[in-house]
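Each of the next two complexes has subunit A plus one other chain: subunit B in the first, subunit C in the second.
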Partner chain A sequence: MTVPTDPDPLREAQDTGPLASRSPIPLDAIGTEAASRGRLVVRRFLHKRLAIGGLVAVLLLFACAYASPHLVTWQYNELDTSAFLSSPTIDHWFGTTQNGFDMFALTMRGMQKSLIIGLLGALLSTTLAAVVGAFAGYFGGVLNAVLLTFIDLLLVLPSFLIIAILSPTFRGRTWLIFVLLLAAFQWMITARIVRGLTLSLKEREFVQAARFMGVPGWRIIFRHILPNMSSLLIIDATVNVSSLILAEVGLSFFGFGVQPPDVSLGTLIGDYAGAALTYPWQFYFPAGCLVALVLAINLVGDGLRDAFDPNAGIRIT
Partner chain B sequence: MNTEPPTPARDATVAPAGTPAAPLLQVADLSVTFSTDAGPITAVRSLSYQVQPGEVLGIVGESGSGKTVSSLAVMALLPPHARVSGSVRFQGREILGQSDKDLSAIRGRRIAMIFQDPLSALTPVYTVGDQIEEAILVHADRGGGGRTAARARAIELLALVGIPNPRQRAAAFPHEFSGGMRQRAMIAMAIANNPDLIIADEPTTALDVTIQAQILEVLRTAQQATGAAIILITHDLGVVAGFADRVAVMYAGKLVEAGAVDDLFYRARMPYTLGLLGSIPRLDIGRRQPLTPIEGNPPSLVNLPLGCPFVPRCPMRVEKCIEVEPDLLPLAASGQAHAAACHRSDEIERLNMTSVDVFPAPARPAASGVRVPREKRGSLLDVRDLVKEYPLIKGAVMRRRIGTVHAVDGISFDIRESETLGLVGESGCGKTTAIIEILNLVKPMSGTIVVLGKDTAAMTPEERFAIRRDLQVVFQDPMASLDPRLPVGDILAEPMHAHGVPATDRGNRVRELLQLVGLQPEHANRYPQAFSGGQRQRIGIARALALQPRVLVLDEPVSALDVSIRAGVINLLEHLRAALGLSYLFVAHDLSVVRHIADRVAVMYLGRLVEIGDIDEVFDHPAHPYTQALLSAIPLPDPQKERRRRRIVLQGDLPSPADPPSGCRFRTRCQKFAHELDERMRQRCIDEAPALIDRTGSQDRLDACHYATPSSVL
Partner chain C sequence: MARFLLRRLVYLVLLVIVSTSVAYLLAATQLHPRSRYEGRNPPPPPEVVDAALDAVNMNDKTPVTVRFGRWVEGLLHADLGLTIENQPVNDEIGRRMWVSLRLLLIGSIAGSLLGVAAGAYGAVKQYRPADHVLTIFSFVTLSIPTVVLAVLFKNAGIGLNNVLGFTGNTKLLYTTGEITPGLAIWSWEGLINRLAHLVLPSLVLTVIAIAFYGRYQRNAMLDVLGSDFLRTAQAKGLRRTRALVTHGLRTALIPMATFFAYEFALLFVGATFTEKIFGWHGMGEYFVDAVTKSDVNSVAGVTLFVAVLVLIAGFLSDVAYAALDPRVRVS
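Now for the complex of A and B:
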């Protein structure tokens, strides 16, 4: 080896050592430009003004629904015998009903119920969809055929009718059964999407690598497959919240959902729809809250979708 | 360093010596900047070169070096948000800043472009003939001849580029063409108007090596037919060596060295070029060659530092390199013809340094002691008559089987302790199917797979799970084989978790593994996205080693990596094999890499093995015509050898594995069948499938040709 004659100080320092450890780049330098994906999504989400507005609105409504009973004098089950059918005043911000119930307290209570039903139902339905879809897609074969048939069967059942028919049987018992039923009719389409994604993820090399290492199937699903479609699942859960709230409202409107003495936005709208023209505060406040809530959630959902979609960001500014 | 600064300097555009004629294309001080979220990216930085009429200029560089962007800038095909400055003069006329309409008169007529991916470059809804016709009609003067003449010309062009039955094939759609045929059609379209300059951007990268040889032949024919100059953009130094007159090397958006092809290959004067040349495994040298990896990664083009962009990877850097970026200046000895951008190139020239001098090659791991003869070593993996077929199913409701794809059709090989078997073949030959069958560890459709003495057909699930410890895999694409959602530490711990290694030991082992593959233990907390391709492949290797396996299946482990990174990973694999006593099943289509790393090689064609044996034996004296053609098709990064070589160019494309030819599967493309055999001998090839047996009487070699005659093709 003909070594250059003039000594090279930089050369000496890296002449020895096995293989890559000679790398002249301090390896700490790597990774600086690669902001983690999560941070990137957050950054992109923060660039969407509407979505931020939606998020702020959702959080405000949420805080309002849960904090206000502790801040105002009238509770949803208290009667103000001195104010029947009062229009909005300092005492009763949203006015009162014919019996003297405070409309603001009722609306907030209804929103609590609607929110909790929406969130819980969405969580349940997305989880169910993820698990069923991923298992059907990953294991294939008989399991796939059975689960797919089941999904198709559920898809053709009229959910509204079935819940309406079942509602007398859970009357007087907990509203959680109602959430379960709502979620049970919500997950099927997502499950099919999850199954499709699983089929393609299953062929990806990191899943194959895990398989050839001897990692059991269920663990591959929870460790590799579902986390890699988390964007879809997050978006789906968000959108499900609003559609479940709407489903709840629809059912409660007809009296099949939340049962008195409990109230939800649906029962309120149902009860006071007749007063929309005569005592408008009874109808427009809960209806307005519903619209604001669903709209805000949908804005968040849209923003999340854009933030997760790598192609949505290619706009040269 | 006391050499005086070279005088004839500043705008040293690289011109071949003694050509006073006006250049066809003159690019001067071309810069291209894109603005992105991360900041402005300067993809091309003050690039200057000339192309003379009729010459072939090769532009070489790794991905991200700006070679494609610069050629698009020459065609003025960059998106509008790219900021282009400098000058591009074609036949004396400035191209930059012209309106799209004016440029259309030049593009496709005087300058033609051939793209890398011929599938996306052809419109799927028009026939190939129509598209060539369109290329002709668009530039036709005063409607001369019209459609019929254009049609006739299109067919003539298709015949010229070697498409059989051009009249019928002109009416076919792009998807009915194979990759090689599409690229031929692209070339036909490019030469339709007798252009003066053809820009070919990685024209053969997406193709198999035997098809690449065909396409390069066609390109040569096209050049002869039109007399056009060619700018050949590629990352493959072998292709350039045999094809180009002059070569320019790009790095980080700049030319770093340029000169006549021989100057560049034999007298490179810039460390990066030297590193590139030293890091390619040579098909004709094999194991004796030390590979000199260039450490580190190409720089990000955002916020390039002041000095030479190669500084972090350069073993010869001095203070000046960090402060001042060197210009591309002619070398003292060779005058204008050969220029390099390095502060120390005069020194390199004076000492006539080679890549081994500049880049210290790691010591080759010594073969431990006397090697036990092959027969005495135990068999780790034994595959006998392995068959894998896929049904071809038609219809969704009334599903019926309309045929069978014979993906793997009876292959047999074995791997002994501390031995590397290279399994080579072109895409579609069934090599990936074969290893997936092996890795699945289940009973094959037919034949047997015995891993570490256990037959997969008779394994219990527990045994299968236990065997997975000893049989691990490294995949081709380091981007896809690591779960992007897990930090590296978790990725490496996963196999240990699955096999019940206690959590406390896992952490230590992860750090140990990272060090073993040349990364740092602190990297365990990072996510795969934070690493470059070469580093990710090292992580993939570390994961495969986590359970201390005895056999590693390597599925094209370096083919997705850039040339300068590849050598480091190959060296790592060699080091690990020696240090840990591993056996490799190395699947690859790149025969040069296989030659460098393997002890034995098995050549696959259309689901069958055609030749197997000792690596040097097979590569130096291949017996089967397919092996000969395959070896002959691979370009060597050695211009003089390339000029002397006679290339065997195979006819046609790989037949469909759903309908393989009778008898010998290779006979439809076999050069021996076509030119050397008489009628009676041919009949035997058609009737009788040749068995894989020892025909040449050599020590360790089997081939599957009735008329095998070993000959040297390198």
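Now for the complex of A and C:
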């Protein structure tokens, strides 16, 4: 996981052989001075045009969701009694609903909630995956067996069904419970990967050295093991954001997710899916924003994966 | 190999038992069948409500352990209990499962086969136009929620009907229900009609499955393509395609086999959205209705159905795993 300080071997490997022309990393990116791993990753990421596009799109959508309510006249909870079911106009960019709600304001409001749910849930689930996976792998034995069985059980329990069954419980309470539930069913596969990586890291010299010096296990995990798989965790968190946003949409579509008066992209799509043919703006604007958001996040995740993994993209065919 | 499979089977059955029990207990404690009677005007006398709830084993005054015991006892006699409307859950599931299974089987079989083929092809043709098309396709598809995809397909179907002039009662592609009401189910006409209903919903599920499997298969195949044993296989004189299929694809399929089981539960959820959008009366719709009606026995019944499906899918993927990976067979 360390970056060679001497650039020459790398350079030689790149210049010779069939790899050189296929390499996504320009040769000058690996300079003559020692570049830190972080700088290398950033450079590789910046070189991916699609990933940069995705990042810019995510930031724009984020800014738009939070800034636009301060810039436009109509708020998500205001009725325009002079424009029912209006198609997109200068006043109402995304048109209006049957009651005269402004579709643009509703969509932005929904996007705020979807973003928060995605970010918060991803943070929770990746943390959980890291901790459970690392503890199971590092300590092994009974703890490992118990945690693995628990992971298997959660994988078999269809998360959609369980959250739906629990939905009457959080109806009328804060949506944070919903985020917790979403995250609780998202971490298992990553935890397995983390466990596998921990098993091999455990045998490495620096971990052994720490152990023989008497450092307690939990500290080794947080100091040595998890930082060494930070790239995996960062990628996982990014991908989780988009899958949690999608999961939210699915559950809210049936009324099992975000509850009124809260608005999310899922509740909007659920409310107006039936209007897709008659009043298309009510469906296609929220749905379009959602797809754009998820696609952009996925592009960032993909770019990060390539940036962290020097072997990704360089393959012999 | 037989021992390996037997061990997996026992393990999977255990997981089904535990997950169904958890689902029943959660449903029995979190749903409120009593609320069905509370909103009525004039309110029915409490004894009547208790009697009605007792009849279907959903009275919240009975301890949950007792209710669970009764439910398990029924289950041992292959009886899933009564719905909140006093109908046998068995009948309801027996009628609806074929509706859903039709969608699920087509979606999972066509989706996994085509997805694996597409992913392997994309890996072999890495960075060529075909690979780029496949990558973009799966990337975009996986970013679209099933609901939105189903609505898009439905509207595209309606648009296609209008463009081709099928505006009357007979249509090229149907977008509501699984058969036009009134047609004899087993007649020639009825079968064609059902097929015309089936096209769009199963296409939605298949497209999603192709995107899912294609993406993973491409990565798995790429990992194998650079390996030494593949070069050796070609060096000893195997044709490239032969080496790619028997040595490359076979190895790359091993990690995919385990995906199959987990994907199946996801597919069921996808089928739920598809059923809802296309107006099919399948298991997904049944589940959603059951939760909204606080119908504990129906909820537990659908969960058992899904768990058994996942068990079958899990066992199939174990068999595939054992067949593909000689190490499992030998040990």
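Criterion: the second predicted complex is superposed on the first by the 280 of 317 C-alpha atoms of A that agree within 3 Å, B and C clash if a C-alpha of one lies under 4 Å from a C-alpha of the other, contacts with A are read in each partner's own complex, and residues count from 1 in each chain.
FYI, a contact is a pair of C-beta atoms (placed from the backbone, for glycine too) under 8 Å apart; a residue touches a chain by one contact, two chains touch by 3 or more.
Quantities reported herein were computed from a predicted structural model and do not represent experimental measurements.
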| item | value |
| --- | --- |
| Touched partner set for A:Ile165, first subunit B, second subunit C, both or neither | second |
| Subunit B versus subunit C as contact partner of A:Gln208, first or second or both or neither | first |
| Touching partner for A:Asn228 - first (subunit B), second (subunit C), both, neither | first |
| A:Phe254 touches, of subunit B and subunit C: first, second, both or neither? | second |
| First (subunit B), second (subunit C), both or neither touched by A:Gly141 | neither |
| Touching both subunit B and subunit C, residues of subunit A | 22, 316-317 |
| Residues of subunit B defined as touching subunit A within the complex | 1, 35-38, 81, 293, 295-297, 300, 302, 312-318, 347, 351, 353, 356-357, 360, 362, 439, 465, 468-469, 471-473, 475-477, 480-486, 494-495, 497-499, 517-520, 522-523, 526-527, 529-532, 535, 538, 540, 543, 547, 568, 571-572, 575 |
| Parts of subunit A lying in touch with subunit C, wherever the complex brings them together | 22, 152-153, 155-158, 160-162, 164-169, 189, 242, 246, 249-250, 253-256, 269-270, 273, 276-277, 283, 287, 290-291, 294-295, 298-299, 302, 315-317 |
| Residue ranges of subunit A in contact with subunit B within the complex | 1-6, 8, 10-11, 14-15, 18-25, 27-28, 30-31, 33-34, 36-37, 204-206, 208-210, 212-216, 219, 223-224, 227-228, 230, 313, 316-317 |
| Residue ranges of subunit C in contact with subunit A within the complex | 15-16, 18-19, 22-23, 26-27, 30-32, 124, 126-127, 139-140, 142-148, 151, 154-155, 158, 222, 225-226, 262, 265, 268-269, 272-273, 276-277, 287-288, 291-292, 294, 299, 302-303, 306-307, 310 |
